[in-house]
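Structures given as structure tokens follow.
Same chain, two partners: subunit A is paired with subunit B first, then with subunit C.
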Partner chain A sequence: MDAIKNIPQIKKPSYVSSRNACKLCAPLGASLVFKGIEGCIPMIHGSQGCATYIRRYMISHYKEPMDIASSNFSEESTIYGGNKNFVQGIDNIRKQYSPKVMGIASTCLSETIGEDIPALIAEYKTGKEDDKTMPLFVHASTPSYQGTHMDGFHEAVLGAIKSLSKEGTKQERINLFSGFISPADIRMLKEIMNDFEIEYTLFPDYSESLDNPCWKDYHLIPEGGTPVKDIENTANAKASIEFGTVLNKGSIPGRILDKKGVLSAGEWLQDKYLIENNTVLLPTGIDASDKFFGLLEKYTGKKMPLKYALQRGRLVDSYIDSHKYVFGKKAMIYGEEDLVISLCSFLAEIGITPIIIASGGESGLLKNELVSRSLIDPDTTIVMSGADFESMRDIALEVHPDILIGNSKGYYISRELGVPLVRIGFPIHDRAGGPRQKQLCYEGTQELFDRIVNALLEYKQEHSPIGYKYM
Partner chain B sequence: MSYILEERKKQIARVGGAVRDIDCGKVSVAGSVSQRACVFCGSRVVLYPVADALHIIHGPIGCASYTWDIRGSLSSGPELHRLSFSTDLREKDVVFGGIEKLRKSLDELIDKHSPKAAFVYSTCIVGVIGDDVESLCAQMEKEKGIPVIAVEAPGFQGSKKDGYKIACEALFKLVGTIEKPVPKYTINILGDFNLAGELWILLEYYKKMGIHVNASITGDGRVDDIRNAHNASLNVVQCSGSMIHLAKMMKEKYNVPFLRVSYFGIEDMSDALYDVAKFFKSDELMDAARKLVKEELGRLLPALSFYKQALTGKRAAIYVGGAFKAISLVKALRLIGMKTVVIGSQTGDKEDYKLIQQLCDDDTIIVDDSNPVELSAFVKETKADLFIGGVKERPIAYKIGLGFCDHNHERKEALAGYDGMLNFAKEVYATCMSPVWKFVK
Partner chain C sequence: MEKDKIKSLATFKDEVLDIYPKKVGKKRAKAIVFGDPDSIPEIQANVRTVPGIITQRGCTYAGCKGVVLGPTRDIVNITHGPIGCAYYSWLTRRNQTRVDHYDTNFIPYAFSTDMQDSNIVFGGEEKLKEAIREAYELFHPRAIAIFSTCPVGLIGDDVHRVARHMMEELGGDVNIFGFSCEGYRGVSQSAGHHIANNQLFKHLIGKDDTVNGSLKYRINVLGEYNIGGDAFAIETLLEKCGIELVATFSGNSSLDQFQTAHTADLNLVMCHRSINYVAEMLETAFGIPWMKANFIGAEATAKTLRKVGKYFQDQELIDKIEEVIEEEMKLVKAAADQALPKTTGKTAMLFVGGSRAHHYQELFTELGITTLAAGYEFGHRDDYEGRVVIPSIVIDADSRNIEQITVTKDETRYNPRKTEEELKALEAEGLEFNGYEGMMAEMQKGTLVIDDLSHYEMERLIELYHPDVFCAGIKEKFCVQKMGIPLKQLHNYDYGGPYAAFEGAINFYKDIEQIVCCTIWKEIKAPWEKEEVLEANYAYYNV
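After this line comes the complex of A and B, so read on.
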């Protein structure tokens, strides 16, 4: 193992321009959340291309129908306002899809010309009070000049909770805001909640809507999504659990609006309905999973079901069986801030050193989160906020990591370095099965751990002159 | 039966039905979930394959992220086009202007990559916030000594097709700025995007005929070749929707005539070679073309017969970007015994649709600027076995148990030329004959 010294001293010229961005725009995150509401169809208030590009980008990962409507701005709407297109868009969606909920995301264009979406919605509903088919409306302010797809995601989660939660009788239930995770991980979390025999609202739940079986006929709005009733009931839960510690907090460079008061969905519910909020890391690795299961034990008063104790046991056993193949390896990890933080927590358990930790997110919180949780040694790790792939590449060519862990867009760097890439997160555009990958809790960690071990073993075997048959 | 929006009813027809022109060339209806993208997309896809140019997107990050390395336009040399540069505008820039950021970005990127030219795409909000990109480009051009071309393509200013036109105008600015002698029989290739190396197949054919290709403008493109493109004797235009505007401008200004061709399917591919030979009025070229076609068909037809036997009677739905491609596909499908039952495009014009009406069998559904609601209903109604389309059509087909042939711009199989026809047959066969369908039918 090479000694890792003074890595943060490596200085590369910084660029004003973005070169191969490691982030997507905010309306994509919001659209994803809207897909996680039962009976909902998203509409993007802006140019036609926004909806189409986002559909195409998401289809290449989820490989599912991805109907997202657009209000299709014209020159006239840009000058005189998009009200006409907004109304026509909603009318046409209702005619075709009969949605129960409409999720509306704004864009750079509609925000720049000052469209007030809550006002447009209110105006649309005025005079139609008796319309029994009127959908519920949820909206997110998502100009792509503010933050990344994750800001759009959390903005939409908060938007949905704000507009749909409804105070009623307190219930023995848990809110689980599980963040931007795979459909398979969502399904697993639901299984865990069911095994604990507790009522819950998991939001957003796109585990079915973005990973459906085949149909006989085309379903205009795919099955699945968090039922509206459950979202209403978030106001009546006894506690919330949020995955991710950065969420929509932090400053966003270039932001002018004072968003200091910005809250996550869990914080908002705590503020408004006094629902105890728990913010934990995305549970990858044993420590983070233990914390999550600990919370479930606390709120249910039940012990972790044997099934999960066994999963945990097997995971520890496999850590031991394979520890030598991973120990001391240097990794470059990249992706959303909450994702890379949870990966650091996991990698610390198995002795892999992240030497480059990069995110397109720019909350300003990343490094502090990592250092304050003792997840990294700031002297040997380069933490890159607001990073793009070319900046990562510049550094990676200097420090030569042994493995890359992140979405498929870093493939070209792993190819150039000649080291393996373990694909996780979003997007995975060059492989099958991205939506079916798991990385959370004991079971998902097991899957991710085995993939990392095997990637390193395969690399060694492929580069061996012998072609051996045993590890 | 799914809902067809009132505004869209005139964009749908049936062959043999009440004969009328299909309404087309309109902006998409709000809320219709059009499969089209926008003006920016149109300009970006056409200019994308110019491999030694810097392409920078001036605007917030989304448009750059979604178009990074999105197309399979291969380059035989430089690959600068595969990088995604953007000014990544933020709220501050929106309020105070983004032009300084663009200046610095162009400065650093041109210095780093030494491109032969730079294309600066302005997206939706650039005009709204009042950035004078045109002046900056003129300044940078002087400073850096390369053409720096503003591509003003705000998404809302029309449709994808308007973006094609904007791209043609950007290319036209380059044409005629270099004078290099060219051989006697010299053509430019317009509208082939060198997906999966298709251009290189065509270059081989033209080479065998004795024809020199000067500039392959939209596939494996090079700035200097485009600058010298006016010295060719002929523009051979495929995908006429995107490139016909450039061909027309070049005819007017430089007197370079043009031919519309298609390289998909045997008939159209062979006609393309014959038409070029005919244009040069050369028996020598025509003989070479005949010889080439004979040789290729001698290889191809026996190989195709197997697929034809297996696929005869199957029904296909086509929904692609350009109508000219759709027309070629109808013929290519016939060659392997298949019938087209639905045909549509994002950007077809009246002439295209007229031709389609003449070409297709009765009751074939013709549709302009369709959406998932319609397409899924049409394939069901017509009992299609196969869908040919792009990325956004694929899940519609798969989800309801239809085979699918990728005719998108990121595909890895060459479908043009004679070899391409065989690849096409193989792909259609693979998807139609796969045993997986028994689990959904």
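After this line comes the complex of A and C, so read on.
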């Protein structure tokens, strides 16, 4: 424990450069959200390399077709503006793919030259009012010099809700803004909502579009995605549930002085249509899952189906059974801010102490969120905001965690330390099945818990001089 | 059978072009031609992709930092820009490296200035300087390279000025240089290759006259990026023949290799597209001739080795080469004998890179597989039609904004390795210098050649022609496989390889045999489904 006590005294030089970043760029997050809209083709307004790199990167994790168009800026468009490219790009996509929705994300290039995407969209539609095939447009402002992929993600969620929600008759339905989670977790959430027999809009739903079965016939746009009708109906729900407490609330450097100007999708709907908004942690662990199911019980007036009560019971039982393997272990966890916050809540339940909590996110809210929720002891935990992997490594080499929990990018640190890495989050490109991994609610927590226990067991077994078969 | 398949390609243009807006269709029509080795048609290439076409192409930065400079282990690469570009080019290409006695390998590091709003508004040069100081203090590297991303060009940060400034500040023992490789600059990666070639020549090549290595015959292999260990396989093979590999551009490369490359006596060019500029410059400045080479395919490898033997005109070397070829070919033949019964008569399509779509046709031919369609992602007309067309290539705005450097004879070190007469004599014996015939010279009449294949056209190719194997990259892989056709990645080799030299050919035979024999595809149709989807799968039932 002494080592842990000393942590806050470790003084490390802080670097101006980013050395092995723990964040991706904003248009990637927005593209992901657009893949969660039914019939949508994303288009990145900027240089073609952005679309190519983002496609390539998302594919390394999802291993699925990833059609993202680009307006292919040339030197000429960077000087005279990208209007011509924008119009040509949309026309071209419409002819090839007949999308129902076009999701437009900007880039550092188009934002630097001051492209006004809402104006470009309006201009494009002018004079084509009778065009029955005109797609709907959703846009997100996502220069990569502001925030991370998560800011792009939430910006696009908000952008879609802002432009597609449509007020009508109030309905018995719930909006579920589930954040950046795996397709398998999305499918599980939908099953839960169905079991509660309530109408809902889960957004963004890329559970099919980014985790498709093999095709028996030819598809221009992968199936799946939240139907536009459902997104329209977010304005008519009786409540919203948002996973994640940081969301896009961060004071992104330089961007927003008036923090009230930044709303999450749930807050915006509450503001505009008086829909009660609930912000909860990503439900990993018993406590956070209980809160989520509690909300569902509250809004449906129904008791939790037996199936989930049994899952919860089994989860508690397994915590008890495996407590001896996990208790007292020290972890380094890293990834998106909302992800690491929910992991802290879960790890506290099972007796693992996160000694390094790191995120590339720059909201400035991470530490406060953790402390105010009593999820960590600020005296014994290092919380790193806006962190990169080399800074994490510097600290990890001194305090030597027993286990790493996070995405594939931290593998080299776990290799150097000789401790296991449990892969969660994004990207996972050195193991199969990242998109099929679950970590939410009782069922997903069970899966994650067993993986953590088994990683520790495997480590113990491999490092034992005797080949024990019982551990 | 293959003849019929080739015949059926004739209607492809009618099948796809209609879907595009008229102007786009007209433009795409020029990039889709039919092969005819006797009368090579003109193809539109290295022309900007129309917005809204989902393209395979990447950007200038990707070609410069990702492809050419990425594989060098002892240069610290700093990406000047917002975070995305550095992250996406962080170990994403499979260029392997062998750490040498300096024990430095910076390839696993992704340095970025991670520009923020304020840097865009007030300029990022100071932040870049600080990043260079940090890199220097951390590693004391012998060289630092700076790569510009889109916004850097827009806000006017001058990476070259910063490089000069920092060299002065840090003293003489670190070489710092910048690349103006902003993503919007060129048509594709290809612009980045050119920019990288220029700077390699200006800042590294010829800096050190030390003659490293002990073998008598000294060559460079240019345009070989050591994906999956290809350069290792080539190096091993050359060593066996008694040939010193002075430098590889740029797989498994190091500063020393670049700086002493001018001490070689011959340049072999693998990927003509990405490196022909350096080959030309080495000839002009130092008098080293270059020949097009190909180590992909056993026959091609043998042919390349024989060319080298002939060039050095040394019977001892020629005999050694023949001995190595004979020995290696025994193993190759055994592997081919095993694969051929499974692979003969199959069909392939290749859409990749600036050389691979050509080179890999050799391997498919050795496997008895017919190439139905092929094309490059970022090739130029000369890569398709041969270098003879270079004078007739129209220079457009996108090519004009790439710096053209003038190279002259090095005053003291220019030393023509062969006299004009010697070169003429060698040419008479069948060697070709400074030449490349291009892909189309080797493609069958009636096969499809498509430049910058769009995502839509690719889907149509699959739907209409069901090749037995499709070769492209990761962006295409999962789409093609969804449609029931196996895709072999030729950018990262599906984490396999090496595929170069004789040992690589054997690996490739095995991998392709495995792919065409895979039976999973027939499971796509569940037992309760009717026969209606049979057509798309029948090829696999016949395996």
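Descriptive notes on the structure:
In this text, the second predicted complex is superposed on the first by the 459 of 471 C-alpha atoms of A that agree within 3 Å, B and C clash if a C-alpha of one lies under 4 Å from a C-alpha of the other, contacts with A are read in each partner's own complex, and residues count from 1 in each chain.
Convention: a residue touches a chain if its C-beta (ideal position, glycine included) is under 8 Å from a C-beta of that chain, and two chains touch if they have at least 3 such contacts.
Only a predicted model underlies this, so the values are computations on that prediction, with no experimental measurement involved.
With the two structures aligned on subunit A, subunit B clashes with subunit C. By the document's definition of touching, both partners, subunit B and subunit C, reach A:Ser77. When the two structures are aligned on the shared chain, A:Ile54 is found in touch with subunit B and with subunit C. Once chain A of one complex is fitted onto chain A of the other, the partner contacts of A:Pro305 are absent, as it touches neither subunit B nor subunit C. Using the contact criterion defined above for the overlaid structures, shared-chain residue A:Ser17 touches subunit B and also reaches subunit C.
With the contact threshold set out at the top, residues 15-21, 23-25, 27-28, 43, 46-57, 59-60, 63-75, 77-78, 85-86, 88-93, 95-97, 107-109, 112-113, 143-146, 148, 212, 214-218, 220, 252-255, 390 of subunit A are in contact with subunit B in one structure and with subunit C in the other. Within the complex formed with subunit B, the residues of subunit A that make contact are 15-21, 23-25, 27-28, 43, 46-57, 59-60, 63-75, 77-78, 85-86, 88-93, 95-97, 107-109, 112-113, 143-146, 148, 212, 214-218, 220, 252-257, 390, 409.
Across the complex, subunit C meets subunit A through its residues 19-21, 24, 48-62, 78, 81-90, 92, 108-121, 127, 130-131, 134-135, 149-151, 153-155, 183-185, 397-398, 401, 455-456, 459, 463, 473-475, 477-479, 481-484, 524-525, 529, 533, 536. By the touch rule above, subunit B contacts subunit A in their complex via residues 2-3, 5, 7, 27-41, 56, 59-68, 83-95, 101, 104-105, 108-109, 123-125, 128-129, 154-159, 371-373, 376-377, 380, 391-392, 394-396, 398-401, 439-440.
For subunit A in complex with subunit C, the touching residues are 15-21, 23-25, 27-28, 43, 46-57, 59-60, 63-78, 85-86, 88-93, 95-97, 107-109, 112-113, 143-146, 148, 212, 214-220, 252-255, 390, 412.
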